[in-house]
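Each structure below appears as structure tokens.
After this come two complexes, each holding subunit A, first together with subunit B and then together with subunit C.
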Partner chain A sequence: MKKSIVSIFFVAVGLWFAASALAQDLGPHFKQVKEGIYVYAAVLNEANSTIIRTSDGVVLIDTGQSPKDSHVVAAAVKKLTSDPVRFIIHTEPHPDHVMGDFVFAPPAIVVAAEGATASMKQSESFSPARIERETAKSPEMRDAFKGFRLVPPNVEYRNRMTLNVGERTFDLYYLKNVHSEADSAIWLPKERVLFTAASVAVKRFGNHRPLVSIPDTLDAIRMMKALKPEVVIPGHGVTGSAKILDDMENYYDALMKGVGAMVKQGKSLDEIKKELKIAGTEDWEGKDRFPNNIEAAYRAVKGN
Partner chain B sequence: MRLKVFALCAALSSFLFAGPLPAQDLGPGFHKVKDGIYTFAPDQTTTTCSMIVTTDGVLMIDSCNNSLDSKKMLAAVKKVTDKPVRFLVDTETHNDHTWNHFVFSPPAVVVNAQGAAEGMKKGLDPKRAETLAKQSPEVAEIVKNYKFIAPQIEYKDRMMIQLGERTFELIYLKNVHSEADTIIWLPKERVLFAGSAANVRNMINLRPHVRFGDVLAGYKVMRGLNPEIVVPGHGPPTTAKIFDEYEGFYTLLMKRVGEMAKQGKSLEEIKKELKMPEYADWAGQDRLGANIDVAYASLKGN
Partner chain C sequence: MRRVLLAAALLAALAAPARAITPDKPEFKKLADGVYAYVGKLNDANAMVVVTSQGVVVIDTGNNQPETRNILKHIQAVTKEAVRYIVITQNHGDHIGGTPLFSPPATVVLHARTAKEWASWKPYQVSTWRKRFPERAEAMKNFHPLDAALTFTDRMTLRLGGKTMELIYIDDPYNPGDIAVWMPDEGVLHAGFAGYKERHPDIRPDYSHGTTVGMMKQLEALVALKPKIVVPAHGPLMGVVDLQAMIDYLVIARQKVRAMMDKGMPLEAIRKNFRMEEYKGWDREAHYPVIAATIYRELRGEGPDITPVTEKTVKGKIEKIEEEGRFLTVTSDDGKTLALRISNGTDIEGVADRSYFKVGMRFAAIYEEQKERNETLQFQVQ
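This part shows the complex of A and B:
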């Protein structure tokens, strides 16, 4: 009798270990942020890719900076579970988030906001010449790109969508004009985990294309803050708390005020770019992007 | 050389025979709508369900009126392709369209508009599988695997599915029939799955939340797509003429209800007295009362 109790105990412990693979078992660049949710980025500030386990299969949020990373994520999924990757949700359609979709789809179903396919098809980043340049970078990269094909999303939603997989719910919110042509925030209400897309960054200036609107970005940040997230996973950079949202809100507020005041003083855009400083951003990365942040604020101030 | 020619002929003929199957090969009740698009609609009133074959798998629309129909549909899918059913899009939440999800999902991902899961749960009879199992051993064999499957995807307003070479545009229609109604538009094929906003010469079972203003707005949206073929929620494939027919019916009904209300008649009196002889040949005459209720509520702005 005692023997069978001991063996049941060992089986239970073994099962527990098998079921709850620790992030460090997946590799050095994985971080478990909640039970069954693992964030990966090989290098700080490269695009995050997240594995989310459910009782009905795996959901990925983005597929990594490059196909090399996608293969690392695929290997981690296999370590965690024998379940398939059922869905990939894009936070944006840029190549550093979606290039490796082909590693998982099919069978994975790719979900994105409306406009993602058009953005991907128009982008030079997926052209054969660009892929050739990428694969020429190293033999590992050439291997990683084997079987590459552009995988446009199977599902494009407008404004809002909910995805239920197993016990988990994913609320998708389209974020307008925050970074790319089709940005999605993904909210897991039960887990209180929020994926912000590249609408925010961590101590880093965002790369603002001409379509980006700072007032729309501020609206998006305030909407996401209202969800009261416990864990915030940005498109790039380390996972944190709602403080990431506070910091970016403060930054954009200060940027808008600074640019607005200088416009009132009659300063030109070039003068503003030379003179404007935002306190608290001295140690931020991506300083070469600060001018395009000013341009976005200038457009907003001028009402363009 | 002769062998090569023979092999080539054999390969060619097998390729020709592997083309789209005529609907009659799938069994009675199946209609071929376009290449690779088949609808099961055995009569004028039974719930339709459809399959659309693509190079990347099958998309189904509704999971059929009952489990035997679902089984027929699944057999038809297997005759047409070896690819899996990857999506199942619901046109509404009611049991006759959704109860048999379990036959197809998993692996199919079920999709409908926001509010669908809640709507389905409201109409759920926990003993339905048990009751149905008593119908016949064949039904019992199917429903023993019954499991409630809510949509995995609920969208708000609009959504697009790209599967293989086909595009499916999903549009939410408000207050036209159930708690979550979706029409599905295939722009390249010009085929519209119109759900139960309009059927084929059949008075629809209108629930109290339906409003004719919204229904007529829905017809405008659907007509605007300029479909070549319209597959209704019930009945065989038809054309956009059904929107005209129903618009005519509802407009006349509203006019008559309005006139009688102006004369000071109560809803009960209107229900007793109002006749629609122009539509006497439509099926579902016992539903005229529910249609009058909706016309009355629509006119009163409730």
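This part shows the complex of A and C:
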């Protein structure tokens, strides 16, 4: 009897240490959001990179703001498991999400929405001159960029894709006109974890390029809400719940209504930019981007 | 008694022996740098192999287990790279059945509609999958065929070690998930189900291979690619001219059925009278009535003809074996004669695969009997 009590005690302590080691040892910028799922960003609102363990190897969602971050993620993967990184899934093809892919691929296979390769090849961000500027920022950055190669995705899909790796399922949804030329939402249905790409931000105005359509973005947000996620991981910003989607939907709704009302009153784009205020966004970051949000709403209202 | 467990569809008549177009031995042909076609013997299912510096891609997996092992031997003779991807062009046993030799760890790439079908497999079908290659028993333990799957709905591009493969799905309400694989740099196309060379198509009233309209849509899209070499699902290597020939064939076939319908002929008469004399010498004339019945349904705007099946059991003795075990004539212990079709999905115990059947062998089988008709050859294990 006594022996069995002692055994249980040791088992319990062992488990506690194991769990504790995983949470702490990856570093201060990692957050475990579900069993085996760790979100990393060194600085608030830099691009998130997420490590997802599976019984068949590791899947990364984006590889970090810069190759420096990718090396931090690579070191964390090594601490977690001896398994290889099998897949990298892009939420978007912009450099702050994919520049460090070369740290893992090959052999990791890079998966993205259709158009990602074209977007990367056209982007000035991956040009030798730009890379030189990046590496000149610090000796650490120069080290981090050693061996840099542009890694075009191995797999591009149109519209929908599902990837099963080990016990996990990754449903990929192409998000049209939300941020880049090739945005993907990634949904883990069993874990109820959703990666929204940059279709939403947390208390922050997004940068709306001319291709961005607010009605399409609202459609994307509503589609993602219908999945009923428990954990929502945006492209940038703190992981949260479905409230992130609600807040963004409310913002875009208010923006569309506000711009629509002012257009009806005959106001010009410049007047709208000067006058429009959206309640609840007073403490949001990136206020300099608000005018381009208004421009996107104006385009939609005008039907352009 | 050697116990043989079978699940099979009952046929009233056995199909006529196939007219051979490919040689009686499989061939492994180089089509371009790193690109090979495995041309099945006697019109068995073909496969395609793409060797890259980042691993090997196998497109379809061979007609049966010995063929799949043969494909692997050929791969190992040309590269040390591991098979990393399996691409499934159509959801039939002679195309998917070799997958467990490679996956896991290879990732299986398939259309979402095919994946949906796999997801509905019953436990014993999954168990058959695991048992297909005894040498893979350890790797297949607790493995579901979809555990390493990558599925797509519209279109997908796979780039690996300098090779680009575009996976093309042409949407149609009745496309069961058939795809083609296009290698633009090499001008090589695996046409999937739509690829036929001098062979009457295997198009069925249950639309398990889609419809003639859907097939024409696929063919038109594939012709537009202007491929230099076309690997069909079955039969000899071909060219774009053969894709165009099949479009013409389907147009004529539809005209013929329409003309008979306009005359008020009933389905049975149309089935009986449908001929494609213009294509004399083409393989599988036995498909005539089935092609006619399929077009008849399409022209009437009817959906797929799903024939109810009843699960039955039988014990008895094998009397006759055709096409390496694909068709068995058996006598049950209570004196009935049955014709059983043994597909690649049939769960067989007691012998490694259907090619090991012997006349006189005793067996027990669970099989499916189709009510009313037997023209639909689609194998549905219950």
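By our rule, the second predicted complex is superposed on the first by the 283 of 304 C-alpha atoms of A that agree within 3 Å, B and C clash if a C-alpha of one lies under 4 Å from a C-alpha of the other, contacts with A are read in each partner's own complex, and residues count from 1 in each chain.
By our rule, a contact is a pair of C-beta atoms (placed from the backbone, for glycine too) under 8 Å apart; a residue touches a chain by one contact, two chains touch by 3 or more.
Predicted model, so just to flag it, every value in this text is computed and none were measured.
Visitor: Clash or fit: subunit B against subunit C, after overlaying the two structures on subunit A?
Guide: These partners clash in the superposed model.
Visitor: Between subunit B (first) and subunit C (second), which, if any, makes contact with A:Y157: first, second, both or neither?
Guide: both
Visitor: For A:P106, using the defined touch cut-off, is the partner it touches subunit B, subunit C, both, or neither? Pick first, second, both or neither.
Guide: both
Visitor: In the superposed view, which residues of subunit A touch subunit B and also subunit C?
Guide: On subunit A, the residues that contact subunit B in one structure and subunit C in the other are 56, 106, 109, 114, 117, 152-165.
Visitor: Where on subunit C does subunit A make contact in their complex?
Guide: Touch list, subunit C to subunit A: 54, 104-105, 107, 112, 115, 146-161.
Visitor: Once bound in the complex, which stretches of subunit B touch subunit A?
Guide: Spelled out, the residues of subunit B in touch with subunit A are 56-57, 86, 106, 109, 114, 117, 150-163.
Visitor: Can you list the residues on subunit A that touch subunit C in the complex?
Guide: Its residues touching subunit C are 56, 106-107, 109, 114, 117, 152-167.
Visitor: Provide the residue numbers of subunit A that touch subunit B in the complex, in ascending order.
Guide: Residues 56, 86, 106, 109, 111, 114, 117, 152-165.
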